[in-house]
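The structures come next, written out as structure tokens.
Paired with chain B in one complex and with chain C in the other, chain A is shared by the two complexes that follow.
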Partner chain A sequence: MSDQTADRALDRVLTEPLPPPGAAASRKRFAVLADAARLARTRIGLAIVAVLVLIALGGPLIAPHSPTEFIAIPNSPPSGDALFGADALGRDVWSRFLHGGSSVLWLAVASTILGMVVGTVVGLIAAYSRNWLDDLLMRTNDVLLAFPQIIFVLLAVSALGPKLWLIVLTVGLTHAPRVARVMRGAALEVVERDFIKSAEVVGEKRWRIVFGELLPNVTSPLLVETGLRMTYSIGLVAGISFLGFGLQPPTADWGLMINENRLSITVQAWAVMLPVIAIGLLTVGTNLITDGISRALIGLDRKGGE
Partner chain B sequence: MSPKLVLRRIGLGLLTLWLVSLLIFAATLALPGDAAQAILGREATPERVAALRAQLNLDEPVVSQYVKWLGGILTGDLGESAATQAPVSELLSSRVGDSLFLVLVSALVAIPLSILVGVWTAMRRDRPVDHVVSTGSLILASLPEFVIGIALILVFATGVIQLFPAVSLLGPDQRAWDDPQVVVLPAATLVLAVVPYVSRIMRGSMVEVLESEYVTMAGLKGLSRRTVIWRHAVPNAIVPAIQVIALQLAYLAGGVVVVEFVFSYPGIGAALVEAVGNRDMPVVQAVTMLAAGIYVGLNLLADVATILVTPKLRTAGR
Partner chain C sequence: MSDAAVVDVSGLRIELGRTGNDIVAEIDLEVVAGEVLGLVGESGSGKTTIGMALLGHVRGGGRQTAGDVVIDGRNLGGLSENELRRLRGGVVSYIPQDPGTSLNPALRIGIQLTETLDAHARDRSAEQKAERVREALEEVALPSDDLFLRRYPHQLSGGQQQRVAIAMAFANRPKVIVCDEPTTGLDVTTQSRVLETIRDLCRSHQVAALYVTHDLAVVAELADRVAVMYAGRIIESGPRERIFAAPRHPYTRRLLRAVPDIAGKRTVVGIPGRAALPGNRPEGCAFHPRCPLATDESRTVAPPVVELGGGHSVRCHNHEASFRQPPPEGAGQLGERAIGDDVVLTVDNLDAHYGASHALFAIDLEVRRQECLALVGESGSGKTTLARSVAGLHQFYTGEVRLGGDVLEPSARSRSREARKQIQYVFQNPYASLNPRRTIGQSIARQLQLFFPGDRADSGRRVAECLERVALSASAASRFPDQLSGGERQRVAIARALAAEPSLLVCDEVTSALDVSVQAAIIELLGELRKEMGLSLLFITHDLALIRTIADRVMVMTQGKIVEHGTVTSIFTAPSAEYTRKLLANTPSIEVALGHAAAPAG
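After this line comes the complex of A and B, so read on.
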């Protein structure tokens, strides 16, 4: 109860309730993914994400123009030379779109990884130690949880300026306490089990118990949490660029494109629509995959619980 | 035990806010080089830099800088904006009203709507409507707020249908409630962002209640379906949703930032974005402190409400 339970996510709400940790034990770990891949929603999600990743990574290779080259009158409509017209400064919308996805992707992936690693380590150590260290870690969590994520990022940017490493760091660090809470909750039940105690009796080192015994038994919540964090990372990272504090002009970036062209939305909607649709589809795709995995976990749990 | 648990929770909230204030204060320390110079930029006159140095008490030890800053926050003296040199409290006072109005309108629509959607889908569990709504919620919940907001602009404010203004322009002395049209799309964005979460919880808890014996009993007694649902089932099903509702209101403290920027809505969120761009630290610190205060306060309220409505927790020790 004393947790600042405040994630908007209330993360579990939209995904199905998690099975008890360890239900999908080591051998079955990859069976979960295979099971998830059989669900229609996971497949749709995978297809969407695959197409967008392909556009983001391969786009620059097929872009007809340079993303920073002025090729037409600002806000000119689609033509033979510019498939989706020109943006507010007269650059090719299609080429900027093709160049603008990779930054969103790598920033989101990097901050998700950072948040998951820090959050999981903190959560597992807190669950395993269960003493003053647990208290200290969880209280620190509470402080970080007292900020809506975007506000924390903006506070950091106001002090240090719009730096990409800062965005990865702050988005990742604001994920971490939320991840830690989930992972600690999942690990608490595992800590009580006999195999942890026997590992202690045998005299295994504590870090080996945490990462060799505890971690493999909380992979299910770990998978779901990773998917969830990826979805939020994409929204946050793109949102920060949209506010003008991410990638800086004249770089091509989906979030920045929306910012640059939003005032001319009535005359040249494509320059806003393409990146908005891409970001929206990407988050829907990652969330569908996450939902598929959590559903597969429940199915597996039923079978395994015989 | 109940008051003790509540007091403990309030104490934790205050402790958290104090630590948060340290963190927000530390942001000025993180500024590269001389804080006043960093805020004002290279073109600033030496007089302005000196004035800001004095305002931030930069010549004093860090601890006394912090104490004076915190004292200012607590007594409502938020200092002067580094960008406009107007008092921060003056700058924010009208904007706070507009933001609160936006949040209030969104909450007043979102809460009843999500309860209705939750009840409605729970009563049609596993029928096509339920599946459609749950897929729709999953999609809506995935989308970042600015994507929802811009989609609404594209549909309702540009091109074929021009029902509402794309930009929430207000005159200098106008407030949001003088021209309610400007609130429609920003509020709709927040509503669409909140409803999936609350309705989902409401549906789950309603499904559970509908399967309970007392609901069956009420039906067997011959009460009308409507009475059973609205008088017996819903009041019980709402309890677990209370905390989620409070958490979603807390989320709005962060959610308004991006949404206000999307619609150029003249609230504190848009002010924060502007201040971050200008490195206007006094404004940034005031707004982040306010947002954290609201966030922590609503979370506190959520926990206290849960403690009060949960018999088990009302009597629990820890």
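After this line comes the complex of A and C, so read on.
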């Protein structure tokens, strides 16, 4: 064990000469991200996500038609005017596609952020307290984990109506117990280290220890978990729209587009395929980035001398 | 080159990857049958790399680029991976540093020992193997009954685990054995028995042993010859008596002065500067930046090996001058100190529980102003629990802890800010006690902000002052802990504690994670700070030799009780408790090993 750590220490000493003190802070904070960015998978992921984000945010500006305008015969094939044909109601598929990305994106981002914040706070508090509070939080967590996320969300949305804030809230909150469990696990090891005790002995407040001492030392799992939760959020949000509990017609939305056009998939596949491909690629892209970061963290793809 | 040498290493050079930086280079060494060669060096000196090379193994990232390792007439460089595997554990075997991790926790002891035999002597019958396993266990003074064979590693003590590892190493009657700091994690009593076992087995079976360690006192007791490493080179080697009595290399001389000795009344002196790690080694003699005798020649030309006769050789341009120079003197921690009459800390009838177990029984102690009270005990004696109770980190106790006249609350959080300010705690492991995501400056500034909240101006200057106090440059403030060496980190931890301007510093094994030369420097520093700042120290350690140079009074603890209490002199010259005598007798000592001093009373 000590041999391995010595090895690693030796490696570091050998490969990296002591950086100038000024560069130290930035090196420290972004080393993992820089490492990750050197990996092919991360770059591919970043490229995919960048293109899709661009489409989702900039799409409405370049869309040739209004998303709700009837421009052709329903289910008509691609033509000069309608690049990917018309949907089941005769609206331009390409324009609806360009308009329909932003809702998926911001719903997913908002619910991921909510889930990460709540989950991290709960997880870190549980890890630091290690008493009845830990038990209470984690057992509650276990109960919540027993419900499939989608069921929980559908339950809330069908009871209170298809409100967007409700989707963000429920998707976010159902992420939270999952995030909490991971963050608690990551923090448990850090909590045992002496610098935490050293903060206790000088009387630092509990919240300062949790957020000042503990949190900066679990940023790596935090990054990975954020990416992972983003992937799930995209799927969930799109799924909810598909089931009809998200944005309501006639709004353009990728999930909704799949639902509206699924019956005519054999006649006019583009109206389904475009959003499916986009959602799929977005998921794959975020996943690749996450994978790149986690690989950089454990040093899997580091070029060794062996 | 003698015919009898079982281990013959010549011109060995191991580089790191393609960098061309050497980890070790120009290594020549021989070990004959029945001889123990002590390979001594501090961390990063390359000693473990050489130990591994004898097993035909180069650590990940390393590459052997020159030289030969010949074991029992066979050059390891010419062997295939299969042949090497047969060699390892058969002809050459290895005793690891930490048996707790090298034994398979899921297998019974008997099965693990039989496996070792299976790998090398397939033709033996099951009865023969069972017989051999029992023999191997008896050799290391372990029980060999079925009950013991059916135990799992976790059911054994650390010492027993190490004995099992030794039994495994000797089971196939190897010709060469490599010991990689096998007693580092053990208590002195256990250590001395384990060392005895290794020595006896090597002698009786005529095994050539390479004993890799950082502990000079252990080498003095065990080795026949000694090789001292610095920055990947053997800088001095020779018979044990020559190395310890008449060392030539400035590094060896200073290293010996850094080792605390129970039999010597001298103070310890650290080596200034930073160890030269691979890839960052100076031109010429790698020791020159830390050497008081360095000349232009040593700055530019790597010194050749100089044979001094009698098997003693040294790698230094100025070994004559070094030999004539008197050894460095310490800052004088010994001698009279003005100890105040007022009591800073009182512990009264303290009983503490750790989970279900009773860790401390009716402890009473007092620390006076400017006094250093040392608390000595082996692992599990309760010394850390006591220290933590004093600091407010362990709250499950009855009895009283008083600061001046005020009774303190058990938990640091419920104590007054003044109480927390007055008692500061320095942790054992500086690798864990500093937040890795904060710069040194941020860590110290936070401490200042906590205890002097009204006084926010000039934080940068005050941090620099704190660093200066522990002999670090102000530029360290912008560094992160992992950019500093272990010794520098411990200095930072001390600087942070002192930033609160406490009256009592609780030091919990503050040097046990550090190299000897660094340990000596930290001890010197604490001695000076005590004088300068009028500090009282509660110094917790397992190392009796260490306290001789720093403590005024000593308390010896075992199993949660204080068994002996007295001044340093009285403890060393006239120990009253049986336990103290046993500790003293088992603590390895260079002076005693060489016959320069009588074993301490007892």
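Points to keep in mind about this one:
As a working rule, the second predicted complex is superposed on the first by the 272 of 306 C-alpha atoms of A that agree within 3 Å, B and C clash if a C-alpha of one lies under 4 Å from a C-alpha of the other, contacts with A are read in each partner's own complex, and residues count from 1 in each chain.
As a convention for this text, a residue touches a chain if its C-beta (ideal position, glycine included) is under 8 Å from a C-beta of that chain, and two chains touch if they have at least 3 such contacts.
It should be emphasised that the depicted structure is a prediction, and the values quoted were computed from it without experimental measurement.
Once the two complexes are overlaid on the shared chain, A:Asp87 sits clear of chain B and of chain C alike. Of the two partner chains, chain B is the only one touched by A:Ala159; chain C is not. When the two structures are aligned on the shared chain, A:Glu225 is found in touch with neither chain B nor chain C.
When chain B and chain C are set side by side, the one touching more residues of chain A is B. Contact with chain B, but none with chain C, is seen for A:Asp142 once the two complexes are overlaid on the shared chain. Once the two complexes are laid over each other on the shared chain, residue contacts for A:Glu204 go to chain C alone; chain B is not touched.
Once the two complexes are laid over each other on the shared chain, residue contacts for A:Ile234 go to chain B alone; chain C is not touched.
When both complexes are overlaid on chain A, the residue A:Asp253 reaches neither chain B nor chain C. Shared contact residues on chain A (touching chain B in one structure, chain C in the other): 1-2, 6-7, 10, 13-14. Within the complex formed with chain B, the residues of chain A that make contact are 1-2, 4-8, 10, 13-14, 139, 142-143, 146-151, 154-161, 231, 234-236, 238-239, 242-245, 258, 262, 265-266, 269, 272-273, 276, 279-280, 283-284, 286-288, 291.
For chain B in complex with chain A, the residues that touch the partner chain are 5, 8-9, 12, 15-17, 19-20, 23-24, 27-28, 30-32, 137-139, 141-147, 150-151, 153-154, 158-159, 166, 196-197, 200-201, 243-244, 247-248, 250-251, 253-255, 257-258, 261-262, 272-273, 275-277, 279-281, 284, 288, 291-292, 295-296, 298-299, 302-303, 306-307, 313.
Interface residues of chain C facing chain A in the complex, by the touch rule stated above, are 16-19, 21, 23, 43-44, 48, 59-63, 97-98, 101, 277-280, 391-393, 412-413, 415, 417, 420, 424-425, 427-429, 432-439, 447, 450-451, 475, 478-480, 483, 493, 496, 500. Chain A meets chain C in the complex at residues 1-3, 6-7, 10-11, 13-15, 17-19, 21-22, 24-25, 28, 193-195, 197-204, 213, 216-217, 219, 304-306.
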